[in-house]
Amino acid sequence: MSITYLEAIREAQAKALAEDPRVFIYGQDVGDFGGAFKATKGLAQEFPGRVLDAPISEDAIVGAAVGAAIEGMRPIIEMQFADFSTPGFNQVINQAATLFWRTQVPCPITIRLPSGGTSGSGPFHSQSMEALYAHYPGLIVMTPATVEDAYSMLLEAVAIDDPVIFCEHKYLYYHLKADCLPTEAMPAGKARIARPGRDVTVVAYSAMVHEALAAAEELATEGTQVEVVDLRTVKPIDTDTIIASVARTGRVLVVGEAFPWGGVTAEVVARIATEGFGLLDAPPQRLNAKDTPIPYHPNLWAAHRPTARSIVSAIRNLLRL
Amino acid sequence: MNSVVPAPLLAGGEFLRAFRWLVQARVLDEKLAALYRAGKIPGGGVYLGKGQEALSVSVGVSLRQGDVYAPLIRDGAGRLAFGETVVDALRNCLGSQLGPMRGRDGNVHRGRPRDGYLPMISHLGAMIPVVNGMLMAKRFKGQSGMVGATCLGDGGTSTGAFHEGMNQAGVERLPLVMVVADNQYAYSTPTSRQFACRSLVDRAVGYGFTGHVVDGTRLEDCLGVLGEAVGLARAGKGPQLVVASFLRLCGHGEHDDASYIDPSLKQSALGRDCLELAQAHILEKGWASSQELVEWRSEAVMTVEEAVALVQKEPGPDPYAEQWCALQTTRLSEGGAS
Amino acid sequence: MNSVVPAPLLAGGEFLRAFRWLVQARVLDEKLAALYRAGKIPGGGVYLGKGQEALSVSVGVSLRQGDVYAPLIRDGAGRLAFGETVVDALRNCLGSQLGPMRGRDGNVHRGRPRDGYLPMISHLGAMIPVVNGMLMAKRFKGQSGMVGATCLGDGGTSTGAFHEGMNQAGVERLPLVMVVADNQYAYSTPTSRQFACRSLVDRAVGYGFTGHVVDGTRLEDCLGVLGEAVGLARAGKGPQLVVASFLRLCGHGEHDDASYIDPSLKQSALGRDCLELAQAHILEKGWASSQELVEWRSEAVMTVEEAVALVQKEPGPDPYAEQWCALQTTRLSEGGAS
Amino acid sequence: MSITYLEAIREAQAKALAEDPRVFIYGQDVGDFGGAFKATKGLAQEFPGRVLDAPISEDAIVGAAVGAAIEGMRPIIEMQFADFSTPGFNQVINQAATLFWRTQVPCPITIRLPSGGTSGSGPFHSQSMEALYAHYPGLIVMTPATVEDAYSMLLEAVAIDDPVIFCEHKYLYYHLKADCLPTEAMPAGKARIARPGRDVTVVAYSAMVHEALAAAEELATEGTQVEVVDLRTVKPIDTDTIIASVARTGRVLVVGEAFPWGGVTAEVVARIATEGFGLLDAPPQRLNAKDTPIPYHPNLWAAHRPTARSIVSAIRNLLRL
């Protein structure tokens, strides 16, 4: 048997629905149709009345989820694409994210954002929005990079009493497969050493973990041992695990697929600089997408985002510093 | 708010009960204005309901336990009628640690979600889908007979949030009562710059709502129409839109002298004070004497003065005791980090 | 798009002119679908207008130079009628460097703003206020007699952006023609999960728009109603809402087999193909012979095939030549930074 | 004569309206009323038909500005509070910010965001949103800290052919005064040495510049010389000026009023760490607001954001590292 990242997301939702009557799913086309990406395939049939098609109203979708959470439900929201969460942005950062702090009433909602670039998707179907959400207090932001994490972190997201922004990467939907679903998992908030190595640390998350692993593979043939840290959650960030890795390697490159100004890579580098300064043998480095909208054409897209190739060359540069 | 005993259910009992909340709300507002002028409001904003009380209180008295209520800026009267205490209201305005928001949020931003009483966020229109979600959840849980009510100004109807929330309630056929307080202005902006329909009730049909209009200056009308709308929603007749017309009889906030208000509107029927009209109505009907009206006002003043005396002694929040954590799941918080 | 010569203005001339764009659009769509199946579309999405051409073309032919047009996903026909060339359309879909978006954006996301032809962003409803702003600017500049038209699906009307844009056009009394293509589905979602009014035209009154309904399967009706609506807007009679009903005769995109579409709708009057109806209408009126219809289609096919042959030879964008700068003010760009 | 930061904003708009017929102002209550803060006082009367009250429709307001810009106008948008820009967020980041890149047609709009905390304003009238906007490509983000900059940068914002997010600080509106308006100015994109000093650099922007200056004043009495860099624009960031200052002092504290995760301070520290690593004698430090919504009560608010006092203590710590 083999299971994809996308199927893992479906299975996690099936399990959540089966085990907790408070869970329901709400989003555009999630019902009988099973969602634009089929992440809810068959669930409306299996759980009648608990998987609801929503109108094209992201603000109202998130607002209703908050209301349902106040009444004790645990809604899972699917945005059709992360990019379309902007019309619901206000409800997320000002309603959902402030509810507990203002009232002590928890807001256990999970918002699934099909995120990130795939070839030919263009400026409005490719965005990585984790930094926008992570900037605001009151939210947890998950960025699973593996089939196992897609499954277990989504289950954990539903179980957590706070709003969780679940950034699932569209590129991984079909590309990534595992043999089976996990029965145990690391908790949210803990980073994972995706590959150990002693020469240089690459911190990455979501699809970039795989670009980093491919880069590590390539450099291994030249004798360079790259340690890859998979952040798993970007809010909170597991600074301890990052610093421990930097302590081992002395060099670090932080890779993200998002726009360059102020995202995850800035936050991670800032923490390393502040908390792990003395451990560094060279300046910490970053690799992000370029500071333009995400291009449609595959040629441009491939050059816009970091890839194994650009990571390899960034690591080579870093080792020379 | 047990200190004002509801009037016994005599002829006009419902009216009198509502009237006394109306008086209580007006008196509380007057006190808040005085505290504001005296510089006693931490940070400074005070937003009053003057002119809107008849409408607002009619919403509050039409609801009951188990219902959901998301009042807005000028709903002091509805809040009291729905069960908020004068003490709670004052605590929130004076920043008491013991208030419902514990000093974290202030003035009109208060509520107790567990009691079905939602604390507004400032973004206009944003509470509508939250009420919808609570009603959807009650339906999931198999509860019925509940109603959700929320309020918005003429200006607030221009938000995308209003539209999405209305449409959602229509599609889900929720027992939502959407109350639009058309008080002729959104801050300084007249309705001519806000919408282009004759009346905002013209929007009801587009959302599959039943529409109602009411003269917001007349308590008897407001009680009747709100009673009907809430009753229809409760009876499963789908979502209801109530559009009330009247004039805001105060500034946008107490910092605002509202000099932009068209004098002819003040002279018009829209500009009448609902409190005065209600008093005249009571006297006309013989439901109470002038003497009783004076006494009721005194009781309301006493209630407020006692509450102020109490709340002013209460401590503000202590920043050193503050946890600086926005998450229930404290282990995942980066709260104190800087 | 000069390769299809508009029919001379004989009886039914306007109809035939529109019809030939309709045929051109249908043929172009068929080619795009074939290219998609052959894996020739970089990145992959193809969104067709099948079923919507009669409506769409009627918008396009009703506009003239100086007007503003913001078409949406299924407006291939309107685009051609407004002046887009088949070559431009193909360039954008095939990712040619020479296309209007130079490979930076693709498929239906194309336009030439300087020509009053706006490139949609994906977020539904978002183009409406942009059209409004262009019309406001023309007014500022003292220009009059211009019209702005834009299109949205039944699903798109649920967005807050739609509401804000409609309301803004109403308040400013802009010459906006808002065309709603109610094709019974938003992706897989039927209208019953999208709105709760009888017809979306019921929303016109709430925004101070004149409302029109039209059978979207009948080109003659669409031409008539769009001509009237555009004429009213142009004559200063305020904003116009046109709601057309018909069925989407294709998947949401070419990846979608649309198996969720209710078979009874396909059998109903809504499910008729506007192209076939238009052909029958032409023959019935005697405006052209079957032979001519065949010829026109062949000409349209030739136009498309020639354009494909041309465009397929054109280079895609070169990432190394790309400036990676999102600002006109290059000195303020951090573009290449990473 | 003396002129406040707020008056400078009004004067800049008056000048822009007077000198360029393409300029108009659009926002809630900006017309006869002169705006919630009186930043457009008298302008509707002085420039009839060019200062328009908008409905409470932030999405449509921004969208219309983009349309007007396409037609060659240069709109100035006033958001009533920065916090209320969220419903217009989509139009800013996806419409305005992508227009030039997608079509080569420039989008010269200026969006004024009355930003930042003042005592008692609470979670929804106090936000500093520069990081959200700066993260997205295609925008310029200005954060003037002085009366002179409020004036000249706003004029420059209107003149620039790209969308500018103009974050004006509400706390400075009345608190800050200058003798007269400037006739010359540094260009956007250049940071300013607000106070020279050789012991430690504090990088700040907007209202925090004044907290930093007060801290510098206090430390000067103890013989510590603090150099204060005022960023002026946060997108782009003038990395050169920052690095040059760090080269002089070897120590740096970056202060921002926004939430701690991933904002301006993260970006600045990341750049210093990457580009100025060898110049540092101690780990770079950051000081931000706390990671909760902004509290209403003045007691809490004062503890939530950085102040001269907390900056002094952060500098003392930094000097001990």
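Lettered A, B, C and D in written order, each chain numbered from 1.
Operating definition for what follows: contacts are C-beta pairs under 8 Å (C-beta built on N, C-alpha and C of every residue); 3 or more make two chains touch, one makes a residue touch a chain.
For clarity, every value in this text was computed on a predicted model and none was experimentally measured.
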Chain connectivity with chain B absent, coordinates unchanged: one piece
Chain of greatest Cα-centre distance to chain B: C
Whole-Å separation of chain centres (CA-atom averages), chain B against chain D: 36
Between chain C and chain B, distance of the C-alpha-averaged centres to the nearest whole Å: 45
Chain centre separation in whole Å, for chain D relative to chain C (CA means): 40
Distance between chain centroids, defined by C-alpha means - chain A, chain D (Å): 30
Numbers and ranges of chain A residues touching at least 2 other chains: 54-55, 57, 59, 83, 86-87, 90, 94, 97-98, 101-102, 123-124, 137-138, 235, 261, 286, 290-293
For chain C, residues that touch 2 or more chains besides their own: 101, 104-105, 109, 121-123, 158-161, 164, 167, 171, 193-195, 325-326, 333-335
Contact graph of the chains (line, ring, star, complete, other): complete
Residues of chain D touching chain B in the complex: 28-29, 31-33, 36, 53-57, 59, 83-84, 86-87, 118-125, 260-261, 286-293, 295-304, 306
Chain D to chain A touching residues, read off their complex: 59, 83, 86-87, 89-90, 93-94, 97-98, 101-102, 123-124, 131-132, 134-138, 235, 258-259, 261-267, 269-270, 272-275, 277-278, 280, 282-286, 290-293
For the chain B and chain D complex, residues of the former touching the latter: 41-45, 95, 101, 103-107, 109, 121-124, 155-156, 158-161, 186-189, 193-195, 260, 316-320, 322, 324-326, 333-338
Of chain C, residues touching chain D in the complex: 100-101, 104-105, 109, 111-114, 118-119, 121-123, 126-138, 140-141, 160-161, 164-165, 167-168, 171, 325-329, 331-335
Residues of chain C defined as touching chain B within the complex: 158-164, 167, 170-171, 173, 192-197, 200, 202-203, 205-208
